[in-house]
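These are the structures in question, set out in turn.
Heads up, the next two complexes both have subunit A, just with different partners, subunit B and then subunit C.
Right after this comes the complex of A and B.
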């Protein structure tokens, strides 16, 4: 059976509608959402209500968490003070606009979903704020999947879609214990695991302007990264009309991320 | 002169053991740096004398370089030094009595010093931490999965990680690590073989069990203060 996995909707209603339409046209009924329903975009209530109406199983993203608990990410999540200020403006605007009922919904979301040998999170099993980028250390990537107890880890947060398969791994362990005499050598085979980053519906950072998501076939384990065009002008106009920073519209219409990507993506905020 | 690190932990107020270790180290050859990887306080005995000695070393003491451990973390959390967090881990494992005993074991005069201690040291290409780079309470042992150990080492961007939380003494080396990675994105598909240089995790022990590390040769010596004769036999005297 085919499943659709979406993430990082970021209050971009036009993009969400286009992606859900693409999923519907393929007759896919199971959709999983990896959070960040709100933040940056101009239609937070509309997007949350659409996900609620469609009863899409969803886990909580870092923006969803921050809107409920107050800003959780420290300055280190932003590469500059300018980017941080814009992030704070978006946070404050979203907090004011989001209805109490929709905030309650975001607060009720789980931080992870397990389905068979698949595990679904926003950032990583460690944290909603951790970026699993495609080129992160392969052994650390393998550890993240392994700690989830799954074969396949589905995540978002980076806004960059990719599939990473890790296999043919091995390691030798030499142990000297306290007696100084007993030594043990173990050859260990590392597990075969996969990370599927589903990209972003509402704020792509893959170099193009299209929304992205993935379709996963649990029979043959195939993963397809899908690109979907949407009415960008409609979202950009809504961003301007809402009084949000114009750069949010600019980067959507140009198809690349601007300034908001943390320089040290491996950093996990502890605040 | 041989550069050596002496690594101790888990004294939990035991000044007598600390003095024995200091005495042992005075009889050990080399240019020795002393690291105290936390758990200098504990609930079982008054810790003030040991704390005072660490803060005000005797003239012929090796000067201790201290970080905080799990017990200090519990104490600081309970007394409001960690924001809204309390010593939940201690309370859950050992109950309210242990929390009270811990507070009573340390004069408030020393809290400022304890709260100033760092989480860990990075010396050369080595991380010196009570638990791990993930958490002060993280317990790394010889049985911890290699991927977990690699992760804890990688987080610090070091090659060796010295840890105390397990109380065990061991030197575990991870070698010949290899894994293939195939990445597919919207633009391309690429394959890569990843390897790692030798990495190590060293459990330094606790209390009377401590570790000497020869920086130049990457050799560890697991010692016990009651084993003075044995350590002399190994050539440290």
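Right after this comes the complex of A and C.
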């Protein structure tokens, strides 16, 4: 059976509608959402309500967490003062616009979803704020999947879609007992694991302007990364009409993210 | 050999300042520089007098004399001096040679007791490079004074990227001197017809203590420029006193302290 996995909607209603339309046209009924329904974009209530109406199983993203906790991302997660201040503007605007009911919905979301041998998170099993980048150290990547106890770990957060197979993995451990001069070496071979990053519906970061998501076939384990064109002008107009920074519209229409990519994307906020 | 006084004109970004720099550097005698205010048509706003060019040239040629800061009487016309006068001018002069100088410019020059021996215009005279000369039918100009301001470096990087890629209007030309926390002043130079930006740290570095007093400003020329949003984005990028002190305190650590030329 085919499943669709979407993430990082970022209050971009036009993009969400286009992606859900693409999923519907393929007759796919199971959709999982990996969070970040809100943040930066101009239609937070509309997007949350669409996800609620469609009863799409969703886990909580970092922006969802920040909005409901009344917290803002700490300074260390922004790559520049400019990005931080723009993030604060977006956070404050979203906090003011989002209804109490929709905040309650975001608060109720789980941080992970398990379905068979698949595990779904926003960032990583460690944290909604941790980025699993495609070039992450293989051992660390394998450790994250093992931590989830799954064969396939679905994540978002980076906004960059990719499929990474971790094959022929092995862990070698040197064990030295205090009572024993000899070192004991243990080696464990691990089965193939996979990380599937589904990209972003509302704030793509793959070099183009199209929304991305993933279709997963649990019969043959095929993963398809799909790109969907949407009415960007509609979203840009809504950004400007909402009074959000004009530069958000400019960046979105040029295939840049709303803010900037963090230089140290592997950093996890310890807040 | 007598003194040479040349008037060099051209449209924004044609390479006047770089050409002047190269000629002054290669000149063995004393060097003088003067930047005049140009005259544009209704659709061609000239930049209000900017100090960027002189500050940049002075950094590269410390012995350079700025004629705008000297009284006319004190200008010594030594035999070996080279006086280069920069004039922003969009249109090609109607007449060749000295006859092509706008009477209003002659009037400006008279206040400095200057009379050019030669007049060269980019895009007309073969002594000057012509590969990067653009013709502008309509151009707006904005100038942002940044005196005593210091940028957050990653924010400056993002702002410049957005600026020259059209986030605040169609920019044809952008030039700036901007302070960063480690005491350096960065010369930023960009024109639409050339690939990439020129980033050059000035030779003169200020100690990382408080706000620098040297010249700092940004000049942008283009079409449909949104000066209000440029200004508001700049404000988001500038460091306040406490953050600046945080940056500078770490640089004042003896083990991390750079050497300063002044």
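Here is the rule we go by: the second predicted complex is superposed on the first by the 263 of 271 C-alpha atoms of A that agree within 3 Å, B and C clash if a C-alpha of one lies under 4 Å from a C-alpha of the other, contacts with A are read in each partner's own complex, and residues count from 1 in each chain.
One rule holds for everything that comes next: a residue touches a chain if its C-beta (ideal position, glycine included) is under 8 Å from a C-beta of that chain, and two chains touch if they have at least 3 such contacts.
Keep in mind the model is a prediction, meaning the values are calculated, not measured.
Partners subunit B and subunit C, brought together by superposition on subunit A, fit side by side with no clash.
Once the two complexes are laid over each other on the shared chain, residue contacts for A:188 go to subunit B alone; subunit C is not touched. In the superposition on chain A, A:85 contacts subunit C only, with no contact to subunit B. Of the two partner chains placed by the overlay, only subunit B lies in contact with A:138; subunit C stays clear of it.
By the touch criterion defined above, A:164 lies against subunit B but remains apart from subunit C after alignment on the C-alpha atoms of chain A. When the two complexes are overlaid, the chain among subunit B and subunit C that reaches more residues of subunit A is B.
When the two structures are aligned on the shared chain, A:124 is found in touch with neither subunit B nor subunit C.
Residue contacts after overlaying the shared chain place A:247 against subunit C, while subunit B stays out of touching range. Once the two structures are overlaid on chain A, subunit A sits at the apex of an angle of 90° toward subunit B and subunit C, using CA centres and rounding to a multiple of 10.
In the superposition on chain A, A:208 makes contact with subunit B only, not with subunit C.
Once both complexes are placed on a shared chain A, the shortest Cα to Cα gap between subunit B and subunit C comes to 18 Å. Across the superposed pair, subunit B and subunit C touch subunit A at no common residue.
Listing the residues of subunit A that touch subunit B in their complex gives 134-135, 137-143, 146-147, 160-180, 188, 190, 206-208, 212, 225, 227. The touching residues of subunit A, counted against subunit C in their complex, run 79-83, 85-86, 246-247, 250-251, 254, 260, 263.
Taken together, the subunit C residues at the contact with subunit A in this complex read 152, 154-155, 157-159, 162, 165-167, 226, 229, 233, 236-237, 239, 243.
Taken together, the subunit B residues at the contact with subunit A in this complex read 142, 145-148, 150-151, 154, 168-187, 192, 194, 196, 205, 209, 220-222.
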